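Shared between the two complexes below is chain A, which has chain B as its partner in the first and chain C in the second.
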Partner chain A sequence: METTVVDEGLTKIDACHKAQETTIIGKRRPKIDAWPKAKGTTIYADDFTMPGMLHAKVLRSKYPAAMILAIDTGKAEALPGVHAVLTCKDVPNNNLRAKFGQSTDVGSNFEGLYRVLAESKVRFMGEAVALVAAESLKIAEEALDLIKVDYEPLPGVFDPIEALKPGAYRVGESESNVVSRFKVRKGDVEAGFAAADVIVENTYRVPFGDHAYLEPESGVAWVDEDEVINIRVSTQVIEHFRTVAEVVGLPQNRIRVIGTWLGGGFGGKEDITVESFLALLTLKTGRPVKLTYTREESLLAHGKRHPYIMKYKTGATRDGRLVALEAELISDAGAYTYLTPWILLYSTVNAAGPYNIPNVKVDTVSALTNNPFTSANRGFGAVQPNVAYESQIDELARVLGMGPLTIRQKNCLRQGDSLATNFKFDRYVAVAEAAEKAWQALGPVPESQDKNIRIGHGLAVGMMSYGRLTFLHDSSRCFIKLELDGSVVVRCGVQDLGGGQASTLCEIVSEELGIPLEKIKIYIADTALTPLAGTTTATRMLYMSGNATLKTARELKQRLLTKAEAMLGARAADLQIANECIVNPVDPEQQITLKEAIDACATDGIELFYEGQFNAPFTEVPTSEIISGPTFADFTFGCHAVEVAVDVDTGAVDVRKLIACFDVGKAINVLNVEGQLEGGAIYNMGYALTEDLIVEKGYLKTPSFSEYLIATSVDVPDVETIMIESGAGLGPYGAKGVGEPADNSIAPAILNAICDAVGVRITTMPATPERVFWAMQEQQQKSRQ
Partner chain B sequence: MSSFAYAVPGTKDEALALLNELGSGARIVAGCTNVLPDIRAKKIAACTLVDISKLAELKGIDVRGDRVIIGSLTTINELLHSDLVASHGQVLWQVGRRFADPLTRNRATIGGNLANASPAGDGVVPLLALEAKVIVASLAAEREIPVAEFLTGPGRSALQPNELIVGVSFTKTTAMRSVFIKFGMRKSMAISLASIGLMVGLDGDRVEQVRIALGALAPTAIRARQTEDYLTGKPLAPEVVTRAQEIIRTEAKPISDVRASREYRVHLAGVLLKRALEAALA
Partner chain C sequence: MELQNEITVSVRINGTQFTAAAAPEESLLEFLRTRAMVMDVKCGCNKGDCGTCTLILDGQPVKSCLVLVAQANSKEVWTVKGMALDPLMQALQESFATHGAIQCGFCTPGMLVTARSLLADCPQPDRAAIKEALSGNLCRCTGYKKIVDAVAAVAACQASARVQGGRCRVWKQQ
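This part shows the complex of A and B:
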């Protein structure tokens, strides 16, 4: 596979930029959307209403596996106030080979069935069976009760290992239960283990995870005066408009998706949620329609983080050198494919971690089951193997009597090293530096003040790509226009999840054009009006749209400087643009206002707008199960170090100190990056300790937030963030992506700290008090024998 | 969502008349922190919601003679800020900070906690330890029911459809030390996996009298009578505490559910007892 290097120009400009002082970039400032959110004036998807708007509800399957024998909608349709009741037969294209928001053709291995409404065979509890639109929510809910569905329950299969066995229940109609398989092969593991002095073997189990965003799925759709279907929706991917067009059988230019400011996404709004339902209902009724999921519905109906079963065998020599790693990962894809193949590929590439290991054998497989479908969740397949490989290396350190920092420093990747997939890092690799800084910041283990409490320290490092898989041929666009009064309009199809996606672009424009943030107006997330910028997923927005924005701003800057050159009789290269002026710093006499330059450009017919595109490096679509060569553009490296207090009588774990250290490349906005690092750590602290979406035989046993437990403010310690700014990133100004990597490595750091405190290795997450307690009991029994 | 009628009686008698008329077609609503989630979860079907939250007669905390009387509409937050409760019903007062979160504490009432009769209800456990009586009124009469008799099963109580909880009362208890401990899956907003309300009168380290109430460890909140009997008259020596833990573990009859197993809850009963006794001694 060949990698093409793109935008040499950008790197060159970067080099000269480094010499200059920045005015906006690298500072601490509130995001442009911070005040409206603090004041409560931000309008979210569910806040919109329209005249004549109907309310929609979704009828969902009561069974995880069943045949639908008949659906009788007669009574529901007859209910006064009901305007539409739709089932699969009302959907023009109910079954799509979906590329899940991807515009390039990546072949059948990375596609899957997207089914709008259940058809003959129900695959999971909560699957959408019918849609209702009515005058009020209450009527819509009543109508749901009046729809009669005859089910014939089927046995189903609920365990991916069972699902992979020959003769297992088939989740789908014809396709096999195997979604994908990948492999990594490096060296000879047999020989590697033969040369090992110690070998650690464990099987790890990680649970389903919900995103638990504040804002559930929501949208309003209407048909406008030009017969375009407009869908205003909380989404990470406005480009699902293409899928919606296919579903309703209209040309793509007749569907307009307008993204709202999100109340959180975390990957849960990467797949289509309410869009197709809304389009079908507004087309059918001719009325605006709103659909907002309840919390319970959200827990039931959107994709979850994949549970994995991970068998790991890791060998090292007496002096702590890793010599072999063998891993078998099985992921539960749930009832439909969605992003499973991509996520499994991430896991495959990440399976051995950021370590130099001469012999590696990784086999991964994902299977369909009649469980809730699983898809993107912050960390996207990097997080699960991280739990395993960071637990393994800690166990090795324990057996070898070595410190957790030492063993990592001994084995971790450095610049010039390669992954087991043969991807070479020619840029700075911060694993060792991050681990050292975080571990030092944690300090010595304090003496416990309570006889029931044992204190422990834990360390875990991690790596995760930013930017999408390179074979997806990713690109992003941004349009900037200078107004005659010196203000700026930015248009970029970025979806803002609350991670500062829009704000960061404004900060880049402000920096480059010397125009204050107050004079910059950004329009985002509108498929009809903003240049498409791709998905806000894969930790790609700053990298991709940041670069597109930087490129665009610099083109306009060049035009202004060229004009100023003529006006001032100075060389453009000597001029600087700052504080709405163009000035020669050596000769401040040579100065004009930005407005004067803009006026002059306007007079001379020089275009004061530009739309730039940034392309990520492109590689070929993998055709073999064996993954080799570059699959990502670059990685972000980081580390978590934690102090826990474990109650020896109850097994309760309290995280008392939490340090997050990441190489962020360059912090565009320091406050915002700190926010991401803090949020990421807390996000998966819950994954480690309390969040467990329990599904028994396909039935959800944690249907609300009183069973699915996310941390409250009093459960959360202060997060100390340490930033390394290596400038080694591929993003603007050398930035790397941090959104997703930030939640990696916290879970194993906590597990390792528990082990340090009470000597038990928790291999099944979450580490609930009960699990920790029984593990301690078992340990005591063993040591008595 | 089912259809609900809504009635707001202006006086206690009006409320009782309504309950009398509607029978099981009525549903009393106080702070609504149980009722609303139950409606959402379709556990409560069409009925008339009788909103008693405006009834002044059910509010307030009083002392009459040696008894403390707490109106059923008293919120958890009001309990937490009551000096009377702090000094005469310490064990109940201690629940305040461990109950839900500040927002919910402002709405949740003690009457609602009793009527809800959850085995994990945090309000009922200290009331059991306080040997409180539930004051219940109907159009015809007012009666007092000891909490232990009031709670008849998970979600079930001795309350009749035509009755209203007016309040609870208990005897002032300044002489005994009180401890309430709740163990949940997080530090706030947690449903108790196990809880204990302990009141103990000590002479040095010798137990003169003791009352132990347990939450989430049986179909209702219960008194651990055998453990109490065993402890009475004994010094709180380590071996006594260990034996008491063994006894209380046989008294606990919890269930397994999605939050925790039966065995773990039984274990917790012993841990909470030990910690409560230690705290009382400290």
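This part shows the complex of A and C:
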């Protein structure tokens, strides 16, 4: 029997939080964008057209590694209806040392080559080689066929371990194949293992992953009457306008990026997609240009989740105390750097998991290969080591004959503890509470009704930061203006991926200013017109822009209350603002409408608008390979518990129950938070079981959704969510970020459940029926010998 | 050259006749999005895998990327926007919004069309039947639970409305 230990600390925070009543925050309400989306009126990137618009196509390399000897565009240019054919020589700045969306200078360790079009050496299959703009898509496609590229194939290197060997094929022109290396050192692992009673060693492999958002990359660009290049695009980062400016050689204020409501992002629209191509083509032709990728092109052209090879050695004493952990992580960066260094740093900090381990040694390295390039994907380097450390602890529990909850309760981090990198948790750490609640909710393992079906339960905890690395000096801004009729305009450069990013800001304004949501209009994601709010990545939007919005709304609220103080002869501190009124709750006679206060402010020349900025805590850029000290502002903790049924005849795994329990700090909108927890769990259920982006010697073997299998409605259980609201987050009202943490820990929970059901440890993901079946066969053979 | 390869197609789209020249190999989806400017049918894959292009063709839900526009000649097409006044569609739209079944919304038009067809044919499906009916419509954001909840809620409402002679009646297209 498992024993349940309830954490203290939580109750206190919870109690003080409950004291403040809210009217909008913490409720279940449809987000503002739900209605137009339901009616089919939302104008996504590809739904937008302009008069005289041309259509663009991209010619892509058919080889993963080759020299381009010559490109002949003559025939394509001569085709009637073709307006432009561009190759690298037409790009003013084709090679940038890109900071990949960072506006602060953090040194060369976190930069990489951003190349718009391939030059002499092609690095991956699908690399962009030439661009065409034509009167119709059909003509553009025909023109692609007429471009003649002479390639000389090169051997290439397709395995990061091979790529790291001396004398390996060089993926780039000059740089070595090593992208980055980091380390963590704590205590003495040799001594730690010497003191261990049991040691578990395994090597884990996790695959490439695609985001598989249903809206492929898309945008339309045009040059306006002031010679500004406008790019209306589906992106998580409108601030790529700076990179585009550098590519085309124009000042930054001549590029305007307008972000659309996204048809999903998940990190795949964090890097530049179509923006530079569109800017070049519209500049060249003087006509509006549209570029939308096909699904196949999307699978080829954008960054993937990094495959990792992870060697883990974990030691514990007989009573289940972790004493040492040694890990070596190798990640495949693919053909270009992109966000690889950041992601590797996340993996490094997360490598030992949310556990107290006295002796830790972690070495991580990332290498270039001629595979598709790898970059951000929901979970950003936290999910890969999570698969390994949560499998390891489960194995230890098995060897020790201990329950999966007990071993985690014994070792998990609590408030006041520190990570191996020396980051100390001053705030509530919900690992134990989440694990207990999720495991309890799963209940007892049911009897199988079928002799071929084995049922098993699995548990895994996880942690992941929200908000960007603190040395990036992140900030966000929001502008709010009160109109004379009592309605409100909000302007914030937030990109909305569908997680309720924009709606949440309106809810905060509504709560603070006592104005109903229907009277609030938000403008988002426009570099010319909305204050920049940073990227919608890193689970940062609620934390950063939520705080900026809260700060701005409170400033305006203060101005209104100060005015009301004079009008009512009451103290501002005694007044409350709700339902479009300002009232003294003790003396309801003392009351004016919000509109009266606004009118009075306007008459007296008091500014009815404000733009507030929120700055995340800042730290110094790490200068050593050894990572130590705070690198993130805070973490979100959670747990998944699952029940699987494994068919012993086929190896097929059916997830029958799935519990997601997370400390969300405070749920601003319960529907949205549940949506993240449910969607996140299913997103990486696919990572664990079915999603296998197969790349053989650089060639993509899973080019569409017929081969790359994401979950359908019949593959999924109904995710049960349990929210802990500790109020311990750094976001508005004590909220934490959940978008990315939500997909952490589900994959190892499934692997652990498979092991519980049929006794085999799957160490290579995804756990396809074949893999599970052959692992069971091997196990049987071993037991016969 | 181009002209000889064109066919003329006439389709009744959301109640209005629309006639235009098209390429013989053109799909109904392409015709709707590029010639009729009907943008609420989405293109997520263009090969039948995702369901974002689902619409009603002569009373049946189809993936319009798999239908040649020539096959739709003289036929009738309904998309979400065209069904704005249909009470069953309205009930589903409201249910999707209030159940949190819409995140990015890119799958939503196709989902709604499929869900409406299901409830029109089979007013009281259980959860398994709802999941089965929606299995050709991918959603990457929600994990499906809230979508199934939204459809189930309308089914339940329909059931009680029929008993009481109330609102959620099944709408029959003319």
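Keep in mind that, in the parts below, the second predicted complex is superposed on the first by the 766 of 785 C-alpha atoms of A that agree within 3 Å, B and C clash if a C-alpha of one lies under 4 Å from a C-alpha of the other, contacts with A are read in each partner's own complex, and residues count from 1 in each chain.
The rule is short, and it goes like this: contacts are C-beta pairs under 8 Å (C-beta built on N, C-alpha and C of every residue); 3 or more make two chains touch, one makes a residue touch a chain.
Not measured: the values here are computed from a predicted model.
Of the two partner chains placed by the overlay, only chain C lies in contact with A:34; chain B stays clear of it. In the superposed model, A:138 lies in contact with both chain B and chain C.
Shared-chain residue A:702: touches chain B; no touch with chain C. Judged by the touch definition given at the top, the superposed model places A:679 against chain C, while chain B stays out of reach.
By the document's definition of touching, neither partner reaches A:440: not chain B, not chain C. Considering which of chain B and chain C touches more of chain A, the answer is C. In the superposed model, A:650 makes contact with chain B only, not with chain C. Looking at the shared chain after the overlay, A:714 reaches both chain B and chain C.
When both complexes are overlaid on chain A, the residue A:43 reaches chain C alone and has no touch with chain B.
Touching of chain A by both chain B and chain C, each in its own complex, is seen for residues 137-138, 294, 704, 706, 711-714.
On the chain B side of its complex with chain A, the touching residues are 1, 37, 40-41, 101, 183, 185-191, 258-261, 264, 267-268, 271, 274-275. Residues of chain A touching chain C in their complex: 28, 30-31, 33-35, 37-44, 46-47, 49, 137-138, 211-216, 261-264, 266, 294-295, 497-500, 671-672, 674-675, 678-683, 704-706, 710-714, 716, 718-719.
Listing the residues of chain C that touch chain A in their complex gives 23, 34, 37, 39-40, 42-47, 49-50, 52, 79-81, 84, 93-94, 96-100, 102-109, 112, 127, 130-132, 134-148. Per the touch definition, chain A reaches chain B in the complex via residues 137-138, 141-142, 294, 296, 452, 649-650, 652, 690, 694, 701-702, 704, 706-707, 709, 711-715, 768-770, 773-774.
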